Amino acid sequence: MNTLQPCPLFINGEWVTVKSGATTPVHNPSDGAVIAETPLCEADVIDQAVAAAAAAFPRWSETPPVDRARLLFRLKNMLEDHFEELAQGVTQEHGKTLTEARGDVRRGLENIEFACGIPSLLMGQSLENVARGIDCDSIRQPLGVVAGIAPFNFPAMVPLWMWPLAIACGNTFVLKPSEKVPLSTIRITEFARQAGLPPGVLNVVHGGREAVDAILKHPTVKAISFVGSTKIAQYIQSTGIAHGKRVQAAGGAKNSVVVMPDADVGPTATGILEAAFGCAGERCMAGSTAIVVGKAAETVLPQLVDAVSKLRVGPTDRDPRAQMGAVITRQHADRVCQLITQAAGQGAKPLTDGRDLNVVGVPNGFYVGPTILDRVEPGMVTMQEEVFGPVLNVARVESLDAAIELANASPYGNGAAIFTRSGQAAREFRHRSAAGMVGINIGVPAPLAFFPFSGRHASFFGDLHLQGRDGVAFFTQQKVTTTRWFGAGEGSIWSDK
Amino acid sequence: MNTLQPCPLFINGEWVTVKSGATTPVHNPSDGAVIAETPLCEADVIDQAVAAAAAAFPRWSETPPVDRARLLFRLKNMLEDHFEELAQGVTQEHGKTLTEARGDVRRGLENIEFACGIPSLLMGQSLENVARGIDCDSIRQPLGVVAGIAPFNFPAMVPLWMWPLAIACGNTFVLKPSEKVPLSTIRITEFARQAGLPPGVLNVVHGGREAVDAILKHPTVKAISFVGSTKIAQYIQSTGIAHGKRVQAAGGAKNSVVVMPDADVGPTATGILEAAFGCAGERCMAGSTAIVVGKAAETVLPQLVDAVSKLRVGPTDRDPRAQMGAVITRQHADRVCQLITQAAGQGAKPLTDGRDLNVVGVPNGFYVGPTILDRVEPGMVTMQEEVFGPVLNVARVESLDAAIELANASPYGNGAAIFTRSGQAAREFRHRSAAGMVGINIGVPAPLAFFPFSGRHASFFGDLHLQGRDGVAFFTQQKVTTTRWFGAGEGSIWSDK
Amino acid sequence: MNTLQPCPLFINGEWVTVKSGATTPVHNPSDGAVIAETPLCEADVIDQAVAAAAAAFPRWSETPPVDRARLLFRLKNMLEDHFEELAQGVTQEHGKTLTEARGDVRRGLENIEFACGIPSLLMGQSLENVARGIDCDSIRQPLGVVAGIAPFNFPAMVPLWMWPLAIACGNTFVLKPSEKVPLSTIRITEFARQAGLPPGVLNVVHGGREAVDAILKHPTVKAISFVGSTKIAQYIQSTGIAHGKRVQAAGGAKNSVVVMPDADVGPTATGILEAAFGCAGERCMAGSTAIVVGKAAETVLPQLVDAVSKLRVGPTDRDPRAQMGAVITRQHADRVCQLITQAAGQGAKPLTDGRDLNVVGVPNGFYVGPTILDRVEPGMVTMQEEVFGPVLNVARVESLDAAIELANASPYGNGAAIFTRSGQAAREFRHRSAAGMVGINIGVPAPLAFFPFSGRHASFFGDLHLQGRDGVAFFTQQKVTTTRWFGAGEGSIWSDK
Amino acid sequence: MNTLQPCPLFINGEWVTVKSGATTPVHNPSDGAVIAETPLCEADVIDQAVAAAAAAFPRWSETPPVDRARLLFRLKNMLEDHFEELAQGVTQEHGKTLTEARGDVRRGLENIEFACGIPSLLMGQSLENVARGIDCDSIRQPLGVVAGIAPFNFPAMVPLWMWPLAIACGNTFVLKPSEKVPLSTIRITEFARQAGLPPGVLNVVHGGREAVDAILKHPTVKAISFVGSTKIAQYIQSTGIAHGKRVQAAGGAKNSVVVMPDADVGPTATGILEAAFGCAGERCMAGSTAIVVGKAAETVLPQLVDAVSKLRVGPTDRDPRAQMGAVITRQHADRVCQLITQAAGQGAKPLTDGRDLNVVGVPNGFYVGPTILDRVEPGMVTMQEEVFGPVLNVARVESLDAAIELANASPYGNGAAIFTRSGQAAREFRHRSAAGMVGINIGVPAPLAFFPFSGRHASFFGDLHLQGRDGVAFFTQQKVTTTRWFGAGEGSIWSDK
């Protein structure tokens, strides 16, 4: 039997092993083995973490931004020095391919790089003589203790969207990674410690609903950054707001990829394949519905089906040729298969079917094969619910207008993409899309560290998005100062020398 | 008996007179006369207004920003052409002096001027080659139908914080002015109509709690801008959020003015007088507590008391020498007097006492004289509650540290000011103040149109403030587009010429 | 015989008639009549104007930006109130159609609108704690007396690119309009005077080379904004720099319009027609060379020739159906015809020929008909020199690469446009074009007030362009302040209360 | 006898040893020993370097900004790993103390850190619907081959102001460090090479006037960044401009430090000492004139003289207690002494006199002791010329107004500082100072990487300063694109599916 990897807390600069209490298993999805047990902390632990963060705040917030950035510069180095190790860890606890895991770490690193520019990003504005002899300026100050709650699908990246920028702004942080994938955060935190992270500036706790609630209701926590499902995101927002916090809460998605008849066939098919089946579809920016316009159904679709049917699914931790890995848990794999079955029952036509996939040698892995459901209709279950697995809906329409209408009918609004050669189609789509992240000939218009991740509608709850300058605005509060000095004639101190 | 002024709704570009249903009176506080009756609209009227705004949105949002701005340029002209008339109207329905009323209108105008710069303010960001051959940019798009709910204390200014910027951003608007002072909004809206406001772009409704709730819960309304009391602000936020809206909700305040021993005596006394008694204290930026440090109690305080005791209180609509007017209602006047009485009972020492003021010739005016309560303690009622009247607490401390501590102990966080000659005291105060708006030798660091009104804590609920670039961010949603075009080698359309 | 229109100077708020000295005639190009005589001022007059500007600077620069902007708001109103009159004046002194003249005035107005936003545009940046307890900020301050020298082709617009923004920034100004079209500036200046322009803030002088040199060498003038020909622009830059000034000098151009085989035929032909023959080609953004790719020569070109051959050329001041007017002078008309003759001699094939145009009823007008020269080669004179008249070169190439290469071979770099339906062609063109202003399906990518007019190479001399935020940067100098205050422990003034 | 350190060129990624031709010696100022010989390259070498840079440009400019930044991240690491070695190298070739040398390196590093944020800094702006259906955006593109010419006084820092930001923007670079201190640049360049600098992206050449001229006149070089003396800066600007380049040229300075009567005595004396004698006064931000106001002459001045007279001058490369080192050359030491003598002859009163300093054990070091000249007058030589050595003028005035007037009378405009406790004096000084960099209680308001180094007048020639966003603007050209797509109705490609 396997030795379990440790899953300690990190509070006030110390690794703390939880000796008792409830836990939940961490699996290697490739073979189903339990590799760690995540402690399910309760309010007392959250209290300790918040207290440590609160104690660290005065000193850290007074540390000049350039010096705060330097910690992140050092952290970046350490993560780069251990890049492959981190990627392998991501693969192990999440199941995605090593290539995808490298992307996961790299995107995280880009957020650290962005946060390294905090002296420029933190600047307020300044104006002389707003009235005669009166000046005005604004500065950005940190909020205090802030918290992040991360999902399982990007074990490295999503936490790194949150805390590096938050602490660059001068806040101190409590991070709760997903209880399903806590190990990458533990590794990264250890590197931050070695990079010189002062005690209490970043604290890591583990747990589920109870831990989340304790964070949400803690009076000392000033802001919550959350990424997860829509239902929870909405709960996070309303509960956090009710407890006087700022909240940015990213939820689920149902992103459409429109394929115009003039689209380049080869790269379009490849683009959709990557959008739908990359990370086994466990992405809030996954392209989960292809809306094929007119004759694109005859050109792009066959090539796509052909490519998908050749996709190699396998244990990404041992098979370097695997192009797609398992999903996160057995339950999730089962749910994905049920949704496929349900949609098929509603009339969807499976062009490829991943329900009965057997991957040789890993009978207990959580596999679902890549599935394309053709001729889906708006009311079918895979169009209504976020599947978060390797399932691509195909809907057929006859015009760009119909495609935009169908895409915009979704209650979600993370992303939308179009494949076309036409400048006009691209402009129309961009202008009229109801999604916040638009891709032109890019299936996954993934957020870049230096632009905001601008999801809308049921995909985002809040005003200020994660990443980019929005992230800086979220983690700071502005202070506006208006200044006047009375003149020498009114008795100034140096006139009587 | 007086003829009542009409108080119609403005829906879809038409003035609509409400013929039946409940109303609430509008008074001239200077003499207590009823000058209008505000209809208390219910959900059906809100529905009509929202429907008009929704119908106007597609066309207005597609109107280029430069053209939207030109409407505001014209509106500015019209308001300037009728400046005195507007100021007199403010004085009549609110009671403030004509000088104060002019400031009310002028500050409103500044917000229109700011919104005229929308083409520059609306710009997103653009970057080539985020990866090889891939470009990324962001744009700001309007939200849709948005709404504003305004308080009674600045009949002209506060609504003008809201809707001009919102419509400049391409939204359409439903405005509910205070039912106590609806007439200034009616005048300004008529000028907007004459300036060419397209039907439905701005709609004005009237009412109280029921109207507010109908707005808050209306599924078509995407954002709410609110200014009022803390209790309502918090309700607005939680209800608006629960109904999927953006919310910026400014609440009450309790702003301290710190007086250092080195402060210039004359201008400091004048500054505090203006901060505490300007607009009869009915300002969320009023300086309602003077914290005098050390010997400032012996220098500034006597001069302040002397000046306050000479303040001429009177009917601002007919007495051009009146320096302070009545408060908004009889009930409010009574409440202010009760709070003074209560504080005195708790040990506060009235240095001036406005409770028994009789203003000759206007026995029914809602007057309270300017009141200075010395030696207040943190627990006293006038320190705990927002009085929103002409009452100044005086607290005495022995150091700047103690002054900052006392000022920061407030649950509110709108403003804080310091009077001093010392650069170091000013910097310490600015850096450490828990308030979002800081004044150095300025008792009321009032928000400027081009900076955000950055209240904090119980004074503001939301992330993005009213006015300035925050206002633009509040009334828009970003869209980030990532663009790639496949190369000619892959079959581009012009290679087969 | 005609009464001449007066052509006075404007110095220190007064209109000054020059009674003696050399003059140069202002013509109505439509009929060749002399309508005014422009005085050719010498250094003594420049001295007076600069002295007036210098005297006005201290007070104007201390006027708060919001108040400076309000002058421009009022000026905008006045120009709008007299919009048609101004447009007619432009037509009369320049010859362009009334529609074009309206555009001339409107674009000028947009620059005033942009300058109205100066409080936001002037803001510097602010950062706390650049080191512990040390703050830093930047502000933008005006330069002092600055000057503008304008060309004849946009009598209203180009001067309005310059002085409204300059004075919004707090500078005072000396403007020398083109001696060929001084009258529009005189009208606009009179409206500025009526709008409340303080004496000395804007001064208008007239003249030619001698006046230019006096401005260039005047020690009090801190910056020069120039628009004209390349040769003079270069002279302005080197002379201005040698005399310690900032210089932004826009020169000539030779802008290409690439037509891809997939371009929409109708709108492309119209777009090129407007680009080449609008304002009779007297535009630094004129599209003077069409580079037709492949089969576009068979689709777009015939339709273009057809449309051009039907263009109605005539006296724009009396013939409302005229679609193109005369050029600025007889000499210029002759030069344009010579260039056509020369190019034809070099092998260019005239598809339409404007050399022998007779416009009925106006035998002395300065007319040249719209001329299309097909099959031009890079070495021909109309490809080498800026014609600044209604002459369109047509070059034929076989690929987008060849088109870009040909367009980029120009020593100029103002503008370049492409007509295509292809997103990829547009992106390639934009990315690789050597011009600063790029049009996609827009023949004249004219500068917008709120973006910089980013000409390059021989089309612009300087770093900071006219218009947009570059214009603000050009007319201001930054001041960076680093501030520390020593602590109370070191003997601060309030510790010994 | 010493072995000389090598002084190779770096061209196209290779170290190139110059075998013949003229050289100039590099000294260790602490003992006068020759430690290297700098080759004096001529135009042929410059040609090679420029050619290498030109060849590298297409590929480097197409490298995404994030990837360009990553080179700088790695360079930062390497410089930090070799921080002490670099500082010792600076001390050896320049003579400054190790503490000062560390500051030299650290400030250089901060510029690399700033340049690491290039993805955010490079962003242009984007606006939809500038007219109906027309969009506009701006991007920043690199210039091509650009060059830097650096002075001797900050061997590490000044070159790092230039090339990291330039290459982050996508340019390729030719750097000519000072021939007096080429060795630090060689070390840093070697680290850049090891960090992965592609061949040709940075090239290092050596030489004097001839090399400078070859750079200035090279047609391929698009921009010159220069720091040096005013006379040369002016020459650089006019020559560079004449050859069609952008130029930013920082020159000499004469910075005043105003001491108000209320200044904190101890820290003020220390601040002035550091400002005047740090780096032996060889700083363009040195505080070389103290303007003492009123009784400050009796409080601050004696303490300053006392501290200065105790300053330990010595060989900074071997005496860790040395507080001030030698100046750069024997000739420079002699010139400084002559200026002191001359000023004394004009009536200045030496309070400390550094002319006859003998430092034990290093008879050939280039030492001048710290010298305070009291009662200087504006016309004296040390007030007229930049001494660039350890000489402090003391002028006495009776008011702040007189102090500002005296400070502003300088033809230079780099920096100015004030020591005071008064907020009002600080604001007046900041507002009215003619210098671009202002210090409040900071003797040397040194430029920060993320703010521009805003020298004015004879201290800077150009519009866009070194460092900060100005630096980005200097090293890039904007391109503005206006885009329209014709609608489907006009024959779009996908309507015929």
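A few comments on the model shown:
In order of appearance the chains are A, B, C and D, and numbering begins at 1 in each one.
Following the convention adopted for this analysis, a residue touches a chain if its C-beta (ideal position, glycine included) is under 8 Å from a C-beta of that chain, and two chains touch if they have at least 3 such contacts.
Note that the structure is predicted; figures quoted are calculated from it, not measured.
Looking at which of B-D and A-D shares more C-beta pairs in contact, the answer is the pair A-D. Ranking all chains by how far their C-alpha centres lie from the centre of subunit C, first place goes to A. Bringing subunit C onto subunit D by least-squares fit of CA atoms involves turning it by 180°, to the nearest 5.
If you average the CA atoms of subunit C and of subunit D, the two centres end up 37 Å from each other.
Chain centres here are Cα averages; for subunit A and subunit D they lie 42 Å apart.
Here the spacing of subunit B and subunit D, counted between their Cα centres, is 48 Å.
Shown for subunit C are the residues that touch two or more other chains, namely 66, 119, 123, 125, 127-128, 130, 138, 262, 420-424, 426, 440-441, 448, 450, 483, 485-486, 492-493. Interface residues of subunit A facing subunit D in the complex, by the touch rule stated above, are 66, 69-70, 73, 76-77, 110, 113-114, 116-117, 119-121, 123, 128, 135, 260-262, 293-295, 398, 400, 420-425, 427-428, 431, 448-450, 469, 483, 485-488, 492-494, 497.
Residues 125, 127, 130, 134, 136, 138, 237-238, 241-242, 246, 262, 264-267, 421, 426, 430, 433, 435-442, 445-448, 450-454, 456, 462-465, 470, 473-474, 477-486, 490-493 of subunit B are the ones that touch subunit A when the two sit in their complex.
On subunit A, the positions that touch subunit C within their shared complex are 62, 64-66, 119, 122-132, 137-139, 141, 420-424, 426, 440-441, 493.
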